[in-house]
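Here subunit A shows up in two complexes: once beside subunit B, once beside subunit C.
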Partner chain A sequence: MPTMEVDGQMVSWEGKKTILQACNDANVPIPHYCYHAGLSIVASCRICLVEMESPDPKDPAKMVKLPKLTPSCQTPAVDRMKVTSKSPKAVANQKAVMEFLLINHPLDCPVCDQAGECYLQDYSFNYGRAESRFEEDKIKNPKKDIGLHVLLYSDRCILCTRCVRFTREISGSGELAVFGRGAREEIDVFPGKTVDNPLSANVIDICPVGALLDKDFLFSQRVWFLKSAASISPISSGGENIFIHHNHGRIYRIKPRFNADVNKWWISDEARYTWQFVHENRLHACHRMQYGSFVETSWERAYAQTTEDLQKAVRDNGPGSTAAVLSPFASTEEMFLHAKFARSIDPQAWLAVTPPRIDGQDQVFKNPATGAVTFTIRAEKAPNRRGAEKITAHFGGNACALEELAEKIKNKKVMAVLASADPLPGMDKPVLAAIGAAPTLIALTSRHTGLYEKAGLSMPTCTWAEKAGVYENCDGRIQAFQQAIDPLENCRSDGRIFWDLLAHEGTHSAAAVRHEMAAAGLADYANVAIPQVEKPLEVMEFSAL
Partner chain B sequence: MKPEDIIELQPPKLGPMENIFVPAILAGLGTTIMHLFKSVGGNTRTMQYPEERREDMPVLEGGMDIQKYRGVHRLNRDEQGRVKCVACYMCATACPAHCIHIVGDAAPWADREKYPIKFDIDELRCIYCGMCEEACPVDAIELTYEYDIVGLTRQEMVFDKEKLLAMYDKTAARKPM
Partner chain C sequence: MAFPGPILLKRIPAEPGGRHLHRYDDYVATGGYESLKKALAMPPADIVKLVVDSGLRGRGGAGFPCGSKWTFLPKDIHPRYLAVNFDESEPGTFKDRYLIDYDPHILLEGIAIAAYANSITTSYIYIRGEYHREAQILEEALAEAYSHGIFGQKHAGTEFTHNCYVHRGAGAYICGEETGLLESLEGKRGWPRIKPPFPAIAGAFAKPTIINNVETLACVVPIVEHGAAWFKAMGTPSSSGPKLFGISGHVNAPGVYEEELGIKMSTLIEKYGGGVKGKFKAAIPGGISMGILATNQYDAELDFDIGKKYGVLGLGTAGVIVMNDQTSLPRILRNIVRFFSHESCGQCTPCREGTSWMHKILNRIVAGRGKPHDLDMLLELSQTMGAMPGTTICGLADGANWAVKTFLQKFPDDFKAVVKSPLVAGVSVPMAVTVSGAAAAPAGV
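Let's look at the complex of A and B:
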């Protein structure tokens, strides 16, 4: 393995890497703004300049020292190289770069949303100087609305061109460019264009300073208050890895989590902004229909009634007269318990899966220059259809599509349905049309959905942010997600409800259910890697590099 | 901790006179009696509160230093009379008692980016340490010389933005910004 010496530390790497990449992998810090692992290298910010000595190609025993500073992000790492980012020359350069970058920076950290996760703040502290020698007036640029989700504060910009490269190389839409020259150089959109591609909000994440900010998150919370939970996108079947940033039981934003095999550094805007439903229209009590109106009821009575209603249907109409409708929004563990409970009451209970919404075709993004696929937004809008199918296949026996179930309900073959509802607005229409007519309808729903209106008994459940579990994405990858916030008042997760209904001993946890699943023959679930958040708030890149 | 870091302290040895304590008790009693006689002549350190107040006395005679006293908070106003606070949450971050609750929003003014739409300080929870004052980057929050605040409910003692601005109006004359 080739090895080089960086600031007295030995750094080894494999394959072809630049000095900065090798150092980042080995956790040896070298400051950088414009370098991003997911984008092309331009070496424009100049803060990563280092002094280096490398072996002479003609006489490998001799070391040649380069007279000038070299950009470490762009220079390939060579075996036996000696790099220093702490020599007087390199430090003088870092200080000079910081001073230049801060010449026109408004220093409005108190009102800037980036404060707390800002490269300028960190590097100013680590590599900069305390005071500015600039006495002239700073250039002031008003903020500009450049897209659906993005605000541009030009005067905070350091022209690292990460956003420009993102729109050119990843989203392929190229709305952003550098305009002007010299001191008047600035990032802007082309006239008449807006940054509204389906990946647009990623430019906010990659912006190392507060020049591109999220309209949705603007002024809503300071970042150092946020706690982070590693999760999986609840909307896309691609299983994009995300961080949920939350505080005091409230979600504030969603950021991408690096996963080289799934979403790399990016997430779609849809995944980023689909969390409002967690705090909207939530149910906080069990309701049962009594003489045509909804009455609040306790969890104990709801549990008793669930078992009683299903048993009654089996008693009156024989086995095979009940059905369980699994939601592709539930975790696999929950579906397992759901199916297990349904079969424990009625051994021939029908299992059906709500078909997820399909939005046209998969959206594939390509780098226009190379033609390489950079990102795919899946058309299937549910995180766990695969898991549902796996559970249905595991239990075997009576299983049918939702349309067939509707037919059976119409023909009075199935009398009682225990359905887990999809949490997202408007997504439960097909389910409702299919099973709304069932004489006994028990719904597990987190929100005021159509299913809640029709159900004879409804129980308030948790959204994905309030529970842990695993989702299986469209490529069959089983990914675990952490619980971010506590269940809202009086809500219980599907898994907890079925755990109680099945009278399992001990406390419900996703891990305990996975253990049970593995024992039941679903070997894939024996050892699922649980994502960990080590730092209180992880800026996407630091975790990625 | 290493063993050599441990210093064992022994109490000083007491002599026979110190061991019976009587001289020390008498000396202490003497001080008390001295003050008793001093107060008879009207030369007293007792203050007739609330007719007499420390903030009206010179500092050298035991009065309050109005510029430095850490009493109830106020929110300063800028030259145009608007709240000076920019809702940066620095005070809420620095607060060891977690008694400051801010909600920020985009400012309605062209020259300002952000301002607090809600700024609550729970004066009962506050420990009057002055960290908020020190953390503030725009000198918007300050502690005043007011200390005798009363309320009939706990909710009344949560001072909102209007109350804190009113406190500025009340105290600005004696304690300029």
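Let's look at the complex of A and C:
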């Protein structure tokens, strides 16, 4: 493996890399602004300049020192190279660039959302100078509303052009450009355009400073109060890797989490902004129907009634007269317990899966210049259809599509249904239509849905943010997600509920269920990698960007 | 060999009344397109060698050897392009315009020869936006050349065909920088490119491209006519051939004159420029990005070694701007920096912010609100942004810095005189250490 020395540390890499790329991968810090691993290299911010020596191609024993500072983001790493970002010349350049970037920058930190995760702040501290020597008037550029989700504070912009390159190279929509020239230039949208492509909010993440801000998150929380959980987006079958940022049991925002094979550095706006359902319209008690009206009931009584109702159906109508409806929003572990419980009462219980909503076609984004696919938003709007299919296949026996189940209910073949409801608003319509008529309907649901209205018994469940587990994305990739917040008041996850109903010993955990699954022959679940968050507020490391 | 008399300007008499635009027939009647004929009878590689041997260096500002630039083209990648740099936006520079105003076909002939020599099938003449008249002249000359078979069809006895187009810029100085030019030519914002890849490998439309100045290509015509030795006999060993000098400022006869490289500035000014109006104080050797020559550097030899010898950036475009002792150098410098700050493409942090900062400081100084430490700040800025080699993508920042640096170093007293003492009594501001301690400019070798 080729190896170079950077500031006294040995850095190795494979394949073709620039100096900065190799250093980023090896966690050796070199400051950079305009460079982003997912975008083209422009080498314009000039803060990454280093001094370097490399072996003379003619006489490899000899080292040649370049008299010039070299942009590390642009210069290929060469075996046996010696690089320093700490020489007096390199440091003088870093200080100069920091000073230049700050002369027209407002003193906004106290009112700026980016404060705390701002690379102007961090680099000022690490590479800048303490005092300002600028005695002239600052250029004041306006604040602009440039899109559905995005606000631009142009006076905070350092003109790294990452956002412009994103719209040109990743979303392919090209709404943003640099207007004007010299110190008066500004980022702006083309006349009559707004930044409203389905990936638009990624520009907020890649903006190193507080110039592009999220309207949804604006002034809602100081970032240093936020805590981070590594999760998987439940919004589509792509399984975009995300961080959930939360505090005191509330979600404040969702950020992308890098995964080279799935979503790279990006997430769709849909995945980013569809989380309000976690906090809206939630159920907080078990309810049962009594004399035509809902009454609250305890978890103990709900559990008892669930078992009794199902057993009664089997007693009265024989095996095969009950069904379990799995939700593709549940984790695979939950579905495993769900099916297991159903079969423990009725060995011929029918297993059915709510089909995910399909929104048209997959949306494929391409770099217009190269034609390379940059991102895909999946049309299938549920995270775990494949997990559900795997569980159904694993248990074998009676399984049917939801429409078939509807037939069986109509023909009085199936008399009792235990259904897990999809958590997203409006998604339970097909299930409701199919199984609403079942004489005995028990619903596990997180919110006031149609299913809840129809169910003789309902239990308040958790959304994905309140639990851990695994989803299997459309490409068959099994991905684990961490629990972000505690279950909301009196809610229990599907997993916990079935764990209790099955009278399993010990405390319920997704890991314990995976253990059980592996033992039952689902080998894929023996060693699932669990993403870890090392710092309280984990965002994508800038050095990885 | 002494300078034999006008070569590029042979069709343009010195007295204004005698000048006229040479159309195709005039051009041919005075020996035009003979070099092309001669060239077409030679193997292309021999022409490249001829240009290498002539020692011709680029006339656009950087002085890069023209022949070696041509040899950088990779062997087998086609199509390849020639981009002719007629952006001529450097203040004090008007030589290319002068040539085209009267003798556009010499450029077209140079283009045809260069294209043949380098197997180029398409050329673009990139002309600055404000040159309306010259664009018109070139379009007309091109139409004539097309109708006489210089472009657009096979030349007798060869397989060589070649097309040439005029592309008008929109009036940005940065589009004269060769890769800014290519971006603009491609219809993009004129932001200089990072190198590598160099244009000879991936230039216009990602294809191998040669970029040459108008005058450089015009020089190819007499080189083919008279040979490399003849060309090399003029000028100095490292700076061969004739050169167009534009003289402006405080002289009695401003204009474009042709002489051999290496001529003393004093000779140029006195023999051609009619002498200095008043008492000589300073001069800019070649466009404002080159820095300034001090009062005691009046005799500087104008060639490509001027930079090292006289503490300037280089010969640049050889657009000499002469200033007499009535000139306020702080005002001149303010105007120069205003230009660079206005024309900075804004890509590189040091150039974008640094030029604007220096401009603001100079505005204050000129308005009488300068402080002694402003001079140190200016000097420091001019030595970090761009001038610290490698800190910017293109040479514009260097241009701004060399102006600031050399003005302050060579004329410290002019600047100290205009910066007042601090207004607040009792607050001591350290005197400009570097400025006051600056060594006197070298008197030349």
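What we mean here is this: the second predicted complex is superposed on the first by the 540 of 545 C-alpha atoms of A that agree within 3 Å, B and C clash if a C-alpha of one lies under 4 Å from a C-alpha of the other, contacts with A are read in each partner's own complex, and residues count from 1 in each chain.
Here is the rule we use: a contact is a pair of C-beta atoms (placed from the backbone, for glycine too) under 8 Å apart; a residue touches a chain by one contact, two chains touch by 3 or more.
Just so it is clear, the structure is predicted and the values come from calculations on it, not from any experiment.
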Subunit C versus subunit B on the shared subunit A, clash or fit after superposition: fit
Which superposed partner A:Pro110 touches (first subunit B, second subunit C, both, neither): first
Superposition-derived comparison: subunit B or subunit C, residues of subunit A touched: C
Partner chain(s) touched by A:Lys16 [first = subunit B, second = subunit C, both, neither]: neither
First (subunit B), second (subunit C), both or neither touched by A:Lys58: neither
Which superposed partner A:Arg315 touches (first subunit B, second subunit C, both, neither): neither
Which of subunit B and subunit C A:Leu218 touches, first, second, both or neither: first
Partner chain(s) touched by A:Lys68 [first = subunit B, second = subunit C, both, neither]: second
Partner chain(s) touched by A:Lys140 [first = subunit B, second = subunit C, both, neither]: neither
Angular separation of subunit B and subunit C about subunit A, which is computed from CA centres of the superposed model and rounded to the nearest 10 °: 90
Smallest separation of CA atoms, subunit C relative to subunit B, angstrom: 26
Of subunit C, residues touching subunit A in the complex: 172, 189, 194, 341-350, 352-357, 360-361, 364, 377, 384-385, 388-393
Sites on subunit B touched by subunit A in the complex: 86-90, 93, 104-106, 113-114, 137-138
Subunit B-facing residues of subunit A, complex: 108-111, 115, 218-219, 222, 224-225
Contacting residues of subunit A [partner subunit C, same complex]: 41-47, 49, 67-71, 74, 89, 92-93, 96-97, 100-101, 103-104, 133-137, 139, 158-159, 177-178, 180-185
